[in-house]
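The two complexes that follow have chain A in common; it is paired with chain B in the first and with chain C in the second.
This part shows the complex of A and B:
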């Protein structure tokens, strides 16, 4: 009987520390080959997109993507290019959010990861860039 | 006395165990918001090549 009690006690102690061990490792895995290649692809595209962030043609949506905010500031000849950039970037971003969730073995986290990114893109955006508020209207940083 | 301890402690201990196990599961499933924010900042810093991230 005493031995059983001791075993229980030992198990209790181990279990008490287990959550801390799990919690201490709370760093998201973002160094997979898929994430690295997505980052590189987005990095190359950013050089082109930054002009459209600055002139307000493209803004950051509340769901962590890009949208054409004001087509009028883009010359007609360039509109197709901008639309292509936006859709390619959005495809990469969607893949990025899903890939981070999957790399951390929690595919169900995709929504929260998207929400986190959405806030951080806007937070780190430069003065003058446009973003969508919670209500869907556009504001300028 | 030993018998009383046996009967009292078993259900109490099982309950405690169940509680602790559920706590583990909760923490494991809980979304690590701070870690996600850090990861997002790191990735955005790299994609946008922000200077703040160069020193890291």
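This part shows the complex of A and C:
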């Protein structure tokens, strides 16, 4: 009985961790021309976004994107510009997650790749920048 | 509305008369007042001493809409009173606990006049004047340099409406009516340096100046109001997510009829500075707030400004976020009985240019009518343009429109001194998605012109082909081809199978296809790429080809000599270039032997294979030599013959491209 139970437990553990184990094989550093141009595009935009990370206008969302967290700290005439930057950055990020999944020949991994990158962005964020917790509330790093 | 006003009036009168009648009694209490719009609890009027030198009015609770103020207090420390007249020379009104404002009022019972004025500062004044008789009454409200911050307490709260934070208001309003209620209303107000914002700053304005004129008259016979409003916006900036606008004399005029069941807008006009004028009218039901009818006309709209200021922010999350639009447009929209009936769009000398370089339409003139349940024909003329850098010439498009379906039996598009013939184009808009399909034919396009347009290596010959049904599925965002796409290039045939293009207008289109090329003329091919002269014919398969953003990320390519009898010669330069791709220089070996006396050599077969995976090309040739890592790229045959081997098994894709570029750009090696 114990052996049966142990086997069952082992199977359960394997099944529980199987999707993650499969996803763990993903190469997040994979490179394609599209990924290269997306990264270049994001690097170019980062300089424009840094000020808004620092003053709290823009924060990192829990789904690996950016959001306008507090528009009040942005001059009125610049709010549309910040919206545009966020939109463009989010388009690039969505494409990046999808391209990495495709380059790994597993488009269905996009969700997991997004989740991993979400954690990466927050980890890379500097002190004072804002990020969204699992519950949706904003915290300052 | 009318009943509410009468109620307020009666309360004020009751307070005034009751206080007067109560004198010299020291204290009286007025019963609670309730109405659908407001309520007042516990009104106490008290004379502080028997000399009546001071009296106070306390209101325990005043509620208007969702707002509740508690412990409102009005006190008058200096007043005069006689049988006809109460005059508070100096008083205070205490709003809530913190705000206390100087106040005066006069009530003349004999002349039936009341004046009430709050003067927060020497310059600022909020004044209400009332007079009445048995049948009629009038109220005038005058505000001079009033701070709008005082109003914010009276506006709805809850984070939905931006809060007024700064600015001044000058206002003159006159209201009049009879025992049945309000009958006439006139307002002339100007707001200056007004700032407002919601808590997160997504709806905010700064330094806004607004001039508002409004008028309304009650038509008792019809039980409805005739009203008109005129608002001008001379300056100030507003951000109303996602649009940012700066006032520059923009103007909104409205007039219509306000009834118990419906609101009719008879004439509306919106003048947007540098954009144009919009004229509109409509009908809305009050129950349910549903739009029943609407008609909009706009002529000579300046599309460049309209798109940049107003439309562009709404395209930010789409592939059309970076358009540059110019020209003029007329627009008509008719909405009847809750549905769109007619839409007409005229374009005059309009150009639409994608700043990412994907497409452009230059000098478009169009008349595009649309009618629900009727067939219309749109007439669209385009002087020139390009799609993915491939230019096209003047074209006229007679597009048939049937509801949300578009049909075009045939269109001949001039492309690079030739033409692309599109046939059976159909498009439909279903469930917020576009679907379209067409087939056609590409007539001989000079490759030199095509490669010049695409800014790639110049090629010679012509490109022509048959286009089977190509369709687009808006749900999947995929363009797919039913059947084979056939082209002729380098005097050979190209067949493209299993072609699909994911998100063609997206930021990183994905193309998948299997390409089979047969009987390509090596002479034309090598001449094109300055590769060194080769004579012969080749077949090439490129299976599982995948392009991302138009650059290859995967394929299995295999090039080999075509079957058949034809002249097979290769120059020393070509041998050198092929062998350098394989990893070894052949020149030195040739120079060491008698072969250096020959400019060209015979061969029996060429072969090259590249499997591109993860940016690495896994190379091979005609066949692998058993027991070694080498492979044969050129197999010798005839006199003089030469065989070229390859040794590189793996080459980085970028390195291979660089090497190819280098060998095709360098001059041919000198053989001594």
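Here, the second predicted complex is superposed on the first by the 112 of 141 C-alpha atoms of A that agree within 3 Å, B and C clash if a C-alpha of one lies under 4 Å from a C-alpha of the other, contacts with A are read in each partner's own complex, and residues count from 1 in each chain.
Quick note on the criterion: a contact is a pair of C-beta atoms (placed from the backbone, for glycine too) under 8 Å apart; a residue touches a chain by one contact, two chains touch by 3 or more.
This is a predicted model, so every value here is computed, not measured.
Residue contacts after overlaying the shared chain place A:71 against chain C, while chain B stays out of touching range.
In the superposition on chain A, contact is made by A:112 with chain B only, not with chain C. Once the two complexes are laid over each other on the shared chain, residue contacts for A:28 go to chain B alone; chain C is not touched. Look at A:124: by the touch rule set out above, it reaches chain B but stays clear of chain C. When the shared chain is aligned, chain B comes close enough to touch A:46, but chain C does not.
After overlaying the two complexes on the shared chain, residue contacts for A:88 are found with chain C alone; chain B is out of touch. In the superposition on chain A, no contact is made by A:140 with either chain B or chain C. In the superposition on chain A, contact is made by A:100 with chain B only, not with chain C. Once both structures are placed on chain A, chain A residues 30 are touched by chain B and, in the other complex, by chain C. Per the touch definition, chain A reaches chain C in the complex via residues 30-34, 37-38, 68, 70-74, 76-77, 79-80, 83-84, 87-88, 90-92, 95, 99, 102-103. Chain B meets chain A in the complex at residues 2, 5-6, 9, 13, 16-17, 20-21, 23-24, 27-29, 31-50. Across the complex, chain A meets chain B through its residues 1, 5, 8, 11-12, 15-16, 18-19, 22-23, 26-28, 30, 35, 39, 42-43, 46, 96, 100, 106, 109, 112-113, 116-117, 119-121, 124.
Against chain A, in their complex, chain C makes its touches with residues 197, 200-202, 204-206, 237-239, 241-244, 313, 316-317, 321, 506-508, 510, 548-549, 551-553, 614-615.
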